[in-house]
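Going in written order, the chains are labelled A, B, C and D, and every chain counts its residues from 1.
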Amino acid sequence: MNALEQAPFAKFLGIKLISVTPDRIEAELSVREEFKNRGGMMHGGAVMAYADSLGGTAAHANLRPGQRTATIESKTNFFASIPIGDVARAECVPLHRGRSTIVVQTRITRNDGKLAAIVTQTQIVMEPAGA
Amino acid sequence: MNALEQAPFAKFLGIKLISVTPDRIEAELSVREEFKNRGGMMHGGAVMAYADSLGGTAAHANLRPGQRTATIESKTNFFASIPIGDVARAECVPLHRGRSTIVVQTRITRNDGKLAAIVTQTQIVMEPAGA
Amino acid sequence: MNALEQAPFAKFLGIKLISVTPDRIEAELSVREEFKNRGGMMHGGAVMAYADSLGGTAAHANLRPGQRTATIESKTNFFASIPIGDVARAECVPLHRGRSTIVVQTRITRNDGKLAAIVTQTQIVMEPAGA
Amino acid sequence: MNALEQAPFAKFLGIKLISVTPDRIEAELSVREEFKNRGGMMHGGAVMAYADSLGGTAAHANLRPGQRTATIESKTNFFASIPIGDVARAECVPLHRGRSTIVVQTRITRNDGKLAAIVTQTQIVMEPAGA
């Protein structure tokens, strides 16, 4: 599966990849009724799921052939709520590309440009068996 | 909306609340095909969405009338992958119940009992207008 | 105590503030023998202590008269070790300045310019009694 | 350097190890004047430095010969302030001991038993060269 090919969960959420390079991923997500939290806004869990999907894509875009990656930890700060019906834009960049870990950061903004959340994640890089 | 009433996003994921008290929330989630990541296991984003939903429920169960709550930050450590078809069990307990914040921790385990993830979140408590 | 006045712990570490504005704090720290970890490099605990001190200063620089602040959570990602004898440079900027929380991010770099750590913290803002 | 041998930074802080086993580290720290923050309590940076020192010790106690470890990320939640003159007690346990990472959690309590902070950290395990 290459970086552009999306996992079933990314399709379930409805993430649209706008551009994918090793240095930067951009995406859009239409904030549907199903994403509603108790307060009537986009659920924080949906925000994290969106970011995690892009973080995996970004890590994937930085792997060498045969390597695999898994998220080992993820930290989110929430700044503003995203209304239902909005388009949540995301940009994900690597902060660090090491031999054994890749650290990526995703900024999610509302359609009005306001920063909604920042998600920072560590992905561990696993070598192919026998490497 | 009371603590037992689930948000649309919790229904979208299919979370089943088993028990809800201010001291402890228990839930189950059937890990469906839609939750699949690139590696064929439950997506980390789905794991975090599941935990965040319970964290919100736990915070809600500790509010006084009129108060509202919002997640301001969330930290996840991932330990083991959850296979598709599994039942992911979750238990969420408050670590701290302060005047202005509630900190909750959710442990997610696979059906075989192996710890899959721990999610720790800070919820801010907002007083009713005019309080 | 104003933002420029340093706490005893900041003096204990030997932090030198280079510039303090509400939008940006800059500082330097000489990495002394006492900061050594088991591997002979600057201890991660010293890196976090350094960043936390600046985070508090940055939050303080954004308070209104009478308000106080406390760190409620802090997340660090470590990227590179800092050698003893080095000068660790730090830059701290607010990511979010809300009514009830301030979120700050500190980047710590080695003298050779390599990024050593990023520390993101949430500070809660407490109003003066009777406000 | 074995697990019981403390790094210079741990001595600088004055950490007293009470017991060290692979399953649990216990320690005490006298909260000195030098640890004071702007509010006159123990600085959050000192709390994190204390915990990080124990986290490293705990990881170390779980290594096989020749392996080394480094903290790659650390997350702290603060719940209560620790007064100067207090004895801060810490207990550190591994949450996960994997092939490539060890995740440890440290609880810091005041002398009156109140929980002051929880610190969760990921340590990466590095094999000896040529392994």
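Heads up, the rule we're going with is that a contact is a pair of C-beta atoms (placed from the backbone, for glycine too) under 8 Å apart; a residue touches a chain by one contact, two chains touch by 3 or more.
All values derive from a computational prediction rather than experimental measurement.
Asks: With centres defined as the mean of C-alpha atoms, identify the chain lying farthest from chain D.
Replies: Looking at centroid distances, A is the chain farthest away.
Asks: If you average the CA atoms of chain B and of chain C, how far apart do the two points sit, in angstrom?
Replies: Measuring from centre to centre gives 31 Å for this pair.
Asks: Measuring centre to centre with CA averages, how many angstrom lie between chain C and chain D?
Replies: Going by mean C-alpha positions, chain C sits 19 Å from chain D.
Asks: Where the CA atoms of chain B average out and where those of chain D average out, how many Å apart are those spots?
Replies: 28
Asks: Of all the residues in chain C, which ones touch at least 2 other chains?
Replies: Touching at least two other chains: 72-73, 75, 77, 122.
Asks: How are the chains arranged in terms of who touches whom: line, ring, star, complete or other?
Replies: The chain contacts form a complete graph, every chain touching every other.
Asks: Once bound in the complex, which stretches of chain D touch chain B?
Replies: My answer: residues 75, 77, 79, 95-96, 98, 103, 115, 118, 120, 122.
Asks: Chain C touches which residues of chain D in the complex?
Replies: 1, 5, 7-13, 33-39, 43-46, 48-53, 56, 60, 68, 70-78, 81
Asks: Which part of chain C faces chain B closely enough to touch in the complex?
Replies: Going by the criterion above, the answer is residues 72-73, 75, 100-101, 122, 124.
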